[in-house]
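Below you'll find the structure, written out as structure tokens, and then a few comments.
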Amino acid sequence: MPIYEQGYQRWNGELQERPLRWWPIVRQGVMAYLPQRKYLLLLGLAWIQKIFDGVQVYGRLKGGEVLEGLLGARVDAGMPFFWASMDNSMIWVVIFTIMVGSDLIAADRRGKALQLYFSKPITRNDYIVGKIGVIATFLLLTTWLPILLLWLFAVMIEPTTAYFARVWSVPLLMTVYSVLLVATAGMIMLAVSATAQRSVFISVTWIVLFGYGFVPVIELVQAITGFEAWSLINMAGNLGQIGAWWFGAETGFDVPPVLALGAVLVGIVAAYWWLRRKIEPVEVVL
Amino acid sequence: MSVPTTMGPETPVMRPGTAVLECDALTRWYGQVIGVNSVSCTVHPGVTGLLGLNGAGKSTLFKLMAGQLKPSKGRVLLLGHDLAHDIGLYRWIGFCPEQDALYESMTGREMLVYLLRLHGLSPREAGARAEGALVRTHLIDDADRPVGGYSKGMRQKIKLAQAMAHDPAVIFLDEPFNGMDPVSRHESMALIRELGAEGKCVLVSSHILHEVEQMTSTILLIQNGRILAEGNVSDIRDLVERHPHRIAIETDDARALAAILIGAEDVLGVRVEAPTRLIVESNHPRLFFGRLPEVALDGGVPIRGYVTEDDDLKSLFEYLVEDGS
Amino acid sequence: MKPIIETHGLVQSYGPKVVLHGIDLSVPPGAVGLLGPNGAGKSTFLRSILGLLHVEPGAVRVLGHDARDEALAIRRRVGLVPESDCLIPGMNAVEMTTYAGELVGMSHTDAKERAHQVLYYVGLGEARYRELESYSQGMKQRLKLAQALVHDPDLLLLDEPTNGMDPPGRESMLQLIRDVSHGQGMNVVLSTHLLPDVEQTCDHVIVLKDGRVAEERPVERQLIDAGRVYDLRGRGDLDALASMLRDRGHEVEAIQDGLRVRLAEGHRSDAIFAVLRELGESVQVRHFLEAGRSLQDSFVEAVS
């Protein structure tokens, strides 16, 4: 045919069978942030911190006696050490959750893009998973991944069965803990991002809900009852308690770990429920 | 004639034929970009349609005329008085904007009364005029519900109501039917025709040309920041000679009819589109339509009906804009 | 022909408020206009079609799929052009259209190729790398169409697609819609308040009112009384025309810019031509056609 049809052409391609429906959302979300300089910089800083931890590991495993002599106490690279590394990463959790998460759903709501999403064959859960995936990517890159590498490094430089017997459960526990961490921080952030419009309000609200609970109330209730029941609202504190429990470390937090775990699970479910309510009544057409 | 700037029970009605709004060498810059370029025109009482492509300067001109924007050069004269120098003139202007910025928690009635009170009306007078406007815009049944609960069409109607409630001399309407269903559009078009007939200057800016032509035959067309055409649609059409009138005729035998019609001078060309459909081009509509009945009766080829295809505002707009660019 | 949308007794409520009171529809293939006053249930109906609401009681089948169980399958084959702007910030047209394709399940490369093709088709070829924030209203509307077409749906839903566009833009958009529905066999449901848009693009019309189907009819003008009633429009001395026609026993009523003539028993259109011949150039009848029930008439009747 010498002249080719220039009008609308039908597409004969195939749609992928059972695609990971939420994957394009994760990819688009991450690629919107990752190439930006400030994110790369912060990721770099987070990794530098972990590199320092790597040096510590080396020092503790290889120069144990020397340090003992200097400091007068036994230093180690056991489970509590890996937990401490995670604990120190909390600052990155806060930073990235706020930077990446606060506009995640708010931008879609402002641009009225939700109707676009839900006219495609994705469910509301796909949308939520996709959005959490964006936050998860950054959080896992700065906590779970480097710590796992840290563990590998430690095990490689101290390949004794004794050591391995003490730290074998780190990858498993760290993975479960990271999932819990991401779910908590992420779900609460998405719930807030779907409720408010401006990043400032979203960030502050998230910090209050996740990081510190209702501080004045905690003090007050503590003073009255002596039992820190309200501390259960402090998700970050709860997570700290759980981590310490699993990794055998000490914390100053007074809540029984099992209750802390319960509180975290309730928090995740509550945030999910609120989020679903917020994205349910999406007007497809006016 | 001095313009009364305080509210009274009697608003002077403009006699038809009295120029009410004049633009005198209006220019407006946006930095380097020229929005409106030395525009002079006169808007008479009645309904006038303001037309133009997006970006041609239509909304700039609209806002300049309504006093919502200050001109960089030139003046807007309302009843001979410069709009820039007399704030009291705003009493005589009604404006229905495209944007949606209403008092959501007030009821429709409350909102109108509030705005009327701002114009200086007494509570009793404001109440009466609000009632009148609500009736005329068919909002009276929903007048006492909060505006926040109104449908899109009702929100548009309340905007219309507030533009006319204070009985202005000039009313500016920007896409006034946006969001209204066909029945409401029909009712509102009738309302606008009424307002024009009352002697007010009603300027309607719209892209929906078939609705503009139902409200008026007077247009103002802006292109590239300048006035491209001004006046009566038919007169303008007759001047666009490069595009002869196109008449589609349904007939039993198009070819035979073509042979009959082409013989006369008023026909420029014929095209047989289908065995029963003939397209005729003519630059002399008066002559052509004058002799068509003769052909229908004595030509021997039955004519079932005919339509002048480009007799509407849409075609005229196309011709003007494409020729003018 | 198999209907593209079938509903039986479709009822939808939001809490205690019933919005759709049992809709029975069989929407034929082709281009269908969906009309109705605000609050008639159009948007609820469209959401039901997209499988976004619980369908019960009643049944809804779209393109052969049950909206209750196969909602995702439906949305794989349907494209939506929403009324309001829907921009994903920070993307350009190519990125957004590609993303839309990926969300439907296209691979990244397939989506990207198709996005370019579709953007050219809707007329955004040259502007496709520009930031969306710089787009004019007309360009945004075209982009919405592109993201709805990228996966080559079998059913296209459009809500006020010509909103805010200037006359040439509207014409171009309506032609695009007509082209995909009549040139390529895609089914179209057009929800709008602008009757001329429906007349230009659709074959069939459904009017909803208060959650029920008030009227269903083809778009073509339905003749009021073939060969007996004619509409004349034009200029000149229409009053003289009217009185002459009345004198000869025909009924005449005024319409916008013209007259509607009901011929007396036994007369044909020649009677009108005869009067016109007598009047000569004092009357210019530019339109002369059999009177039909317009969409406007149908709509007004259906909703009052």
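First chain written, first letter: the chains are A, B and C, and each begins at residue 1.
Here, contacts are C-beta pairs under 8 Å (C-beta built on N, C-alpha and C of every residue); 3 or more make two chains touch, one makes a residue touch a chain.
This one's a predicted model, so the numbers in the text were calculated from it and none came from an experiment.
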{"item": "Geometric centre: closest chain by C-alpha means", "value": "C"}
{"item": "Chain whose average C-alpha position is farthest from chain B's own", "value": "A"}
{"item": "Chain B and chain C: spacing of chain centres that average the CA atoms, whole Å", "value": "24"}
{"item": "Euclidean distance of C-alpha centroids - chain A vs chain C, Å", "value": "48"}
{"item": "Separation of chain A from chain B, taking each centre as the mean of its C-alpha atoms, in whole Å", "value": "58"}
{"item": "Per-residue overlap in chain A, given as positions that touch at least 2 other chains", "value": "286"}
{"item": "Where chain B touches two or more other chains, by residue", "value": "152"}
{"item": "Of all residues in chain C, the ones touching two or more other chains", "value": "none"}
{"item": "Contact set on chain B toward chain C in their complex", "value": "51-55, 151-154, 177-186, 207-210, 214, 234, 247, 250, 285-287, 289-290, 292-294, 296-297, 303-308, 311, 314, 317-318, 321"}
{"item": "Contact set on chain A toward chain C in their complex", "value": "7-11, 13, 15-16, 19, 21, 24-25, 28, 32, 107-108, 110-113, 115-123, 282-286"}
{"item": "Complex interface listing, chain C residues touching chain A", "value": "42-43, 46-47, 50, 52, 71-76, 78-80, 82-90, 99-100, 102-107, 110, 114, 117, 121, 147-149, 151-152, 157, 159, 179-180, 183-184, 191"}
{"item": "Footprint of chain B on chain C - complex, ascending", "value": "35-39, 136-138, 163-171, 193-196, 230, 234-235, 256, 269-270, 273-274, 276-277, 280-281, 284-290, 296, 299-300, 303-304"}
